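Below, subunit A partners subunit B and then partners subunit C, in two separate complexes.
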Partner chain A sequence: MKITSVLTLSPTKVEAERPPIIGIPRALGYYEYLPLWRAFFECLGCSVVLSPVTNKAILDQGVRASVDEACLPVKLYYGHVKALSGKTDYVFVPRMISVQSKTYLCPKFLGLPDMLRGAAAFDSTYPQMLVANVNSRLSGGGWDKALMEAAEELGFSRLRIREAQKIAWKAQKDFEHRLIQGEYPPSALAIWEKSGRVLEPEGVLPRSTKRRESAPSGGPRIAVMGHSYQLFDSFTSMNLLARLKAKGVRVITPLATDDEKCRQATRFLPKRLFWSFGQKLLGSSLHLMNEPLDGLIYVAAFGCGPDSMIGEMVERHARRLDQVPYLLLTIDEHTGEAGVVTRIEAFLDLITRRKEGHLLSAKAQLG
Partner chain B sequence: MKVTFPHMGNMAIVVKALLKELNIEFIPPPPITKRTLSLGVQHAPESACLPLKMNIGNFLEAAEKGADTVLMAGGIGPCRFGYYNQVQREILNDLGVNLNMIVLEPPDNHIGELLKRLRALTGSNSWWRLVKAIRFAFAKCEALDDLEKAASRIRCRELQRGDVDRVYAQACEAIDQTTTPKEIEQCRDEFLTKMRSLPLDHQKRPIRIGIVGEIYTLLEPSSNGFMEKNLGRLGAEVSRSIYLSEWVNEHLLKGLLPVKGHKLTRKRAQPYLSCMVGGHGQESIGATIEYAQQGYDGVIQVGPLTCMPEIVAQSIMPNVEKDFHIPVLTIYVDEQTGEAGLLTRLEAFVDMLERRKRNQVESGMQG
Partner chain C sequence: MVKDLLYLGVDVGSVSTNLVLIDKWGDVKEALYLRTQGRPLETIQRGLAKLAERYDDHQIGGVGTTGSARTLASVVLGADVVKNEITAHAVAASRLVPGVRTILEIGGQDSKLILLKDGVVSDFSMNTVCAAGTGSFLDQQAARLQISIEEFGELAVKANHAVRIAGRCSVFAESDMIHKQQMGHSLEDIVAGLCEALVRNFLNNLGKGKKLEAPIVFQGGVAANVGMRQAFEKALGHEIFIPEHHKVMGAVGSALLAQETVNRAGGLTQFKGFSMSEEKIAANSWECGDCPNLCEVIEIQEAGQLLARWGDRCGKWENALAVARSEAASEAQLQTAGQ
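Moving on to the complex of A and B:
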């Protein structure tokens, strides 16, 4: 039996031929780590190819390639990897075990490269994959080690890799800074969706030159919670964010709450959450609920383990406060757009009525 | 303090033994019935995995009987189980049910930490007494496992349907009553002999099926539609990848006791699933390989619907099936799963395996 190992390229190849073309699937970790990945590979001289924006064909591919029980984001990942076949030398598939010390990602992230490898054993149209473990639970085992391993496999020298890492981190930090500043995540990400960013004279853009995307003031302030690949893939979220913005809603996403605030907001809980993004979701939700907030929409993936636990915690706290209307949208490949739209509209109506109600009762008290 | 705990297979007998030895008052949850499940379903998040719901049912029914403290196992990720108690606490809290929770997290380093946590429970008991109590309870656990293994092996041979289960039930009852290590041993031997001397078909060459999967659905018969019993009655000899004593030793006691663990099993899974994925994902893959190597005719993988580690394992199962020529049937259960529906699937699987075995024997004779 042959088990395709991570890589077979010999180190000398890079020198001899053109640097490899690296594919990045537009799914899962993409929405949080694209700047790091892209800047890193481009600094090494590789060209980077992204899979297309999620579309019906990718969805269908993904659904066919994975088991029925998998969550939609994982199915889409299969689809995006397949969409890159024939276009790249390697598709970068990091195994994200842990991106913060003492935390984990969900089991499916841990198993993903093996799941894909398993599928590829039956289907020769899968592209070659470049796998590296990201495990911040081990000392020195985070992204740096993973990128180092991946690039060494490609035959680059350590010196060059370290140089690329430095620039890549600058790009990533800048991106994260913008998010905390409240920049709308899709636009912060858009900069990195084009190639050649690292080559531009200013390199990484000076911080926050761009005006914060301020939605019309006065509209309801709504927190939209969910994993970033769920929120920012407009195909799976049924374009939720844009829809809300079009209605004048001021949207806040979990990425705008920094870790410290998240920690503060969850300090009273006896047990710390061990999923890093889950901690962000819970912390950010609880934090925002303590601020003036008109509503909270939780976008969950059907069958998602962390969402089932965190969504429940958030909902219970929202209900207890009795001030924050809560809407849970659970999405899978069968979810109809019309249904989602109706529910959002009903939710916005509810919020408007509440606001008017508050105004009226305030007036009544005055009068 | 009146302590209760969640059901999981024969766990109740073991915990009772421990608490009795320590002179701690306890109220075991009533046996799992339809009501238990529907209580759980009513109050737990819909998208939670089945064990969480069953636990809630157990806790509520025990609280009705006057329990005020829950003793349960915890975890540190990456799977949902580690966060169960937090969500359960919130649910009980909102219901106004006052239950204090003592969570036995698996010790990070060594057994001392577990003992320290148990201290919260044991109060004035001496260390020596605690260690003695653990050993006594564990002896019961092992005896029960031996009996269960025997029952699953010979059930398919019983000439009088129900004989084996009758004796097995008596055996559990009797083990529950034992008060000294010596008695446990005698009791076990007595009932093993009793089982073997039932009218059995010793000529039968049954097909052999291994069951692998998620721990709760493996251990708790009411959650898997009494799979082992039904497979036995359909004429299959059954073995399971994990028994209670192994789980207790590996998960709670950190492998302190000299019991066969699953290190090797996990290692066997490595070529297919190189990373631990929480729960028993790696064990499911490894154990399937082991069953194939031991000449079993088929494997059933069982887990709660949406179980993350089992979905990872399921995605990789086709590769194991192909490389080791062993058919695998994956069964997910939730609150809607009926025993009748499951039975049909088991029947079809057993039929298929029997046909396959006949064909192999025939072609073997010709060849």
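Moving on to the complex of A and C:
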């Protein structure tokens, strides 16, 4: 796709001068919307800088700066915003109120920019924020309106913004398609995580030349449920996905179930879930439980309100069917790796021994 | 005549290091219960030296390790199988108590609840970072009341009525106990109350939403405490079985797993021999400063030679050792080929 129509327009002030550098924190919405955001800002001519992959320093900084009541992923977000200070003109902080019709995100997403402002009031090293309010409960209030307002604040023309949105959505849809196909976000995101400019000057989307990562075959099929920002941050998840993969597990994540399947799977519930992530996690879990599945691991963030409820609901359904072994891993900033490793190992043993069919006890009876 | 092979199981936990030898029928021939005292390497060697007095290398058909220091132990011993404590405990209990449905295990710093169905684990839970309700806490309280841990349980059984103590957190439990003492409650009643509080805590934390069915087995170091057993029986309304070797069940399980693994793999063990008890084994650690993660890397050396490394998130130190090994191996191969 070309954006020649825009290029022939006389540039606005910001376009003629150096367009701003936009920082994107590698946390929360990042794992689901990076292609949209990055393609949008690059299309406008901005440079995009990502915060580093989560490390101990970022976590420590986030825990120190945030309010105590926040969940681990939100604490981490603070750390990622701070890690961008001095590297950008603005840090893009979307206020995700509602991204799907008739649903909400959790209150911590709704108050995210305000919580950050609160922290910045006592710390002058915080970078300046570019806030975009996403509220699809208002008419015409989705991502398009949010990005429009944010970019207008920077001084871009409406026409140019609309053109950028078109290309950004193309990038996002392509990414979402790959996730539904079963590709892991770390692999599907990889082309959007490069440093420098990703989008070609004419607005052509990047193509990955790498072979798509596919799950190993033959091993146990385990659904790993949890928020994307929890599962795919290998630091806080203690490399859970890689560990499982190394043990030959075929991992399925919630992203491989599309919204329609999630809706179908939760139709029998007496009440509709109004958290988008919660709906996805519960719907995907229930959908996958109807397929041949060897186990389900629910990765909950400590301090996450919706997780404490959804995790419980998933567990009850797993137990009701009495077919799917269930493991709950709650992760907080103090969680020791040893405990997590022991639980995973024991869970995999449980699955293999179950499959082998009490070989040992049979032997014992013979002996 | 060739003697029957024995299988060595080693469970290195935070408080105790247990070594057992079982015969091919799964009967326990030897059981050592040693205090780890923060020196796992030395304790393993001490245990090996004790066993070496009565057994020799070719009697050992297989070695299994478990416990929080299972990797460390496996490197030192040359283990055939390294398994987590949950699987090891479940294997041991289902062998020694056929038909067991529920395992309560309380060790030095962790507690586990394991549910079984048809001889296989169907569900389990483990305590999180909090150590309230584990053996260390009982140890600490016994020391504070100046009674030995063995007497502790006996005292609880003598109680008239157990005082209600807040067992949610070990710090609060302690202040509550002091308060009850000041109020004039007898020591027996307080000790019994503490046992009940720990049981309540265990069942609330680990047993939430789970159905605990009989037969129930209670194992781990704390199972020796009759007060705890009584409190569990009261809370669950079932008789609680305490296996003879309740203190070393993890080690028994890993020995059984070693037997299974070696038989499956064709009968050869990786055991390095009892001489390892005399080797100079050193562990050292350093903080890698190559990225902000600041991982603590641990290195195990035997007589100046690097045995193993772990602790690095990115795996580069671990890999460096593997690369060095494979290079050395191919070099050795080349040399033999040259000859």
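Just so we're on the same page, the second predicted complex is superposed on the first by the 323 of 367 C-alpha atoms of A that agree within 3 Å, B and C clash if a C-alpha of one lies under 4 Å from a C-alpha of the other, contacts with A are read in each partner's own complex, and residues count from 1 in each chain.
In the analysis below, a contact is a pair of C-beta atoms (placed from the backbone, for glycine too) under 8 Å apart; a residue touches a chain by one contact, two chains touch by 3 or more.
Source: prediction; values computed, not measured.
K.L.:
Superpose on subunit A as described above, then tell me if subunit B and subunit C fit or clash.
P.N.:
Overlaying the two complexes on subunit A (C-alpha atoms) leaves subunit C and subunit B fitting together cleanly.
K.L.:
Please name the chain, subunit B or subunit C, that touches the greater number of residues in subunit A.
P.N.:
B
K.L.:
Now for A:58: first (subunit B), second (subunit C), both, or neither, which partner does it touch?
P.N.:
second
K.L.:
Would you sort A:339 into first (subunit B), second (subunit C), both or neither based on which partner it touches?
P.N.:
second
K.L.:
Touch check for A:330: first (subunit B), second (subunit C), both, or neither?
P.N.:
Both subunit B and subunit C are touched by A:330.
K.L.:
Which holds for A:70: it touches subunit B only (first), subunit C only (second), both, or neither?
P.N.:
first
K.L.:
Quick check for you: in the superposed arrangement, does A:115 touch first (subunit B), second (subunit C), both or neither?
P.N.:
first
K.L.:
Quick check for you: in the superposed arrangement, does A:271 touch first (subunit B), second (subunit C), both or neither?
P.N.:
Touch partner of A:271: subunit B, not subunit C.
K.L.:
Students often get this wrong, so check: with C-alpha centres, what angle lies at subunit A between subunit B and subunit C, to the nearest 10 degrees?
P.N.:
80
K.L.:
Scan A:246 for contacts with subunit B and subunit C and give back first, second, both or neither.
P.N.:
In the superposition, A:246 contacts neither subunit B nor subunit C.
K.L.:
Just checking: does A:159 make contact with subunit B only, subunit C only, both, or neither of them? Give me first, second, both or neither.
P.N.:
neither
K.L.:
Quote the smallest CA-to-CA distance from subunit B to subunit C in the superposed model, rounded to whole Å.
P.N.:
6
K.L.:
Enumerate the residues of subunit A that count as touching subunit B in its complex and touching subunit C in the other.
P.N.:
316, 330
K.L.:
Given the complex with subunit B, which residues does subunit A contribute to the contact?
P.N.:
Residue list for subunit A touching subunit B: 1, 3, 66-67, 69-70, 95, 97, 103-108, 110-111, 114-115, 118-119, 121-122, 133, 269-271, 273-275, 300, 302-309, 311-313, 316, 320, 330.
K.L.:
Give the list of subunit B residues in touch with subunit A in this complex.
P.N.:
45, 47-49, 74, 76-80, 82-83, 85-87, 89-91, 94, 271-279, 281, 305-306, 308-309, 311-316, 318-319, 322-323, 332
K.L.:
Report the residues of subunit C in contact with subunit A in the complex, numbered from low to high.
P.N.:
25-26, 68, 83-87, 91, 94-95, 98, 118-124, 126, 128-129, 209, 256, 260, 291-294, 313
K.L.:
Which of the residues in subunit A come into contact with subunit C in the complex?
P.N.:
55-58, 235, 239, 315-316, 319, 325-326, 330, 334-336, 338-339, 341-343, 345-347, 349-350, 353-354, 357-358, 360-362, 364-365, 367
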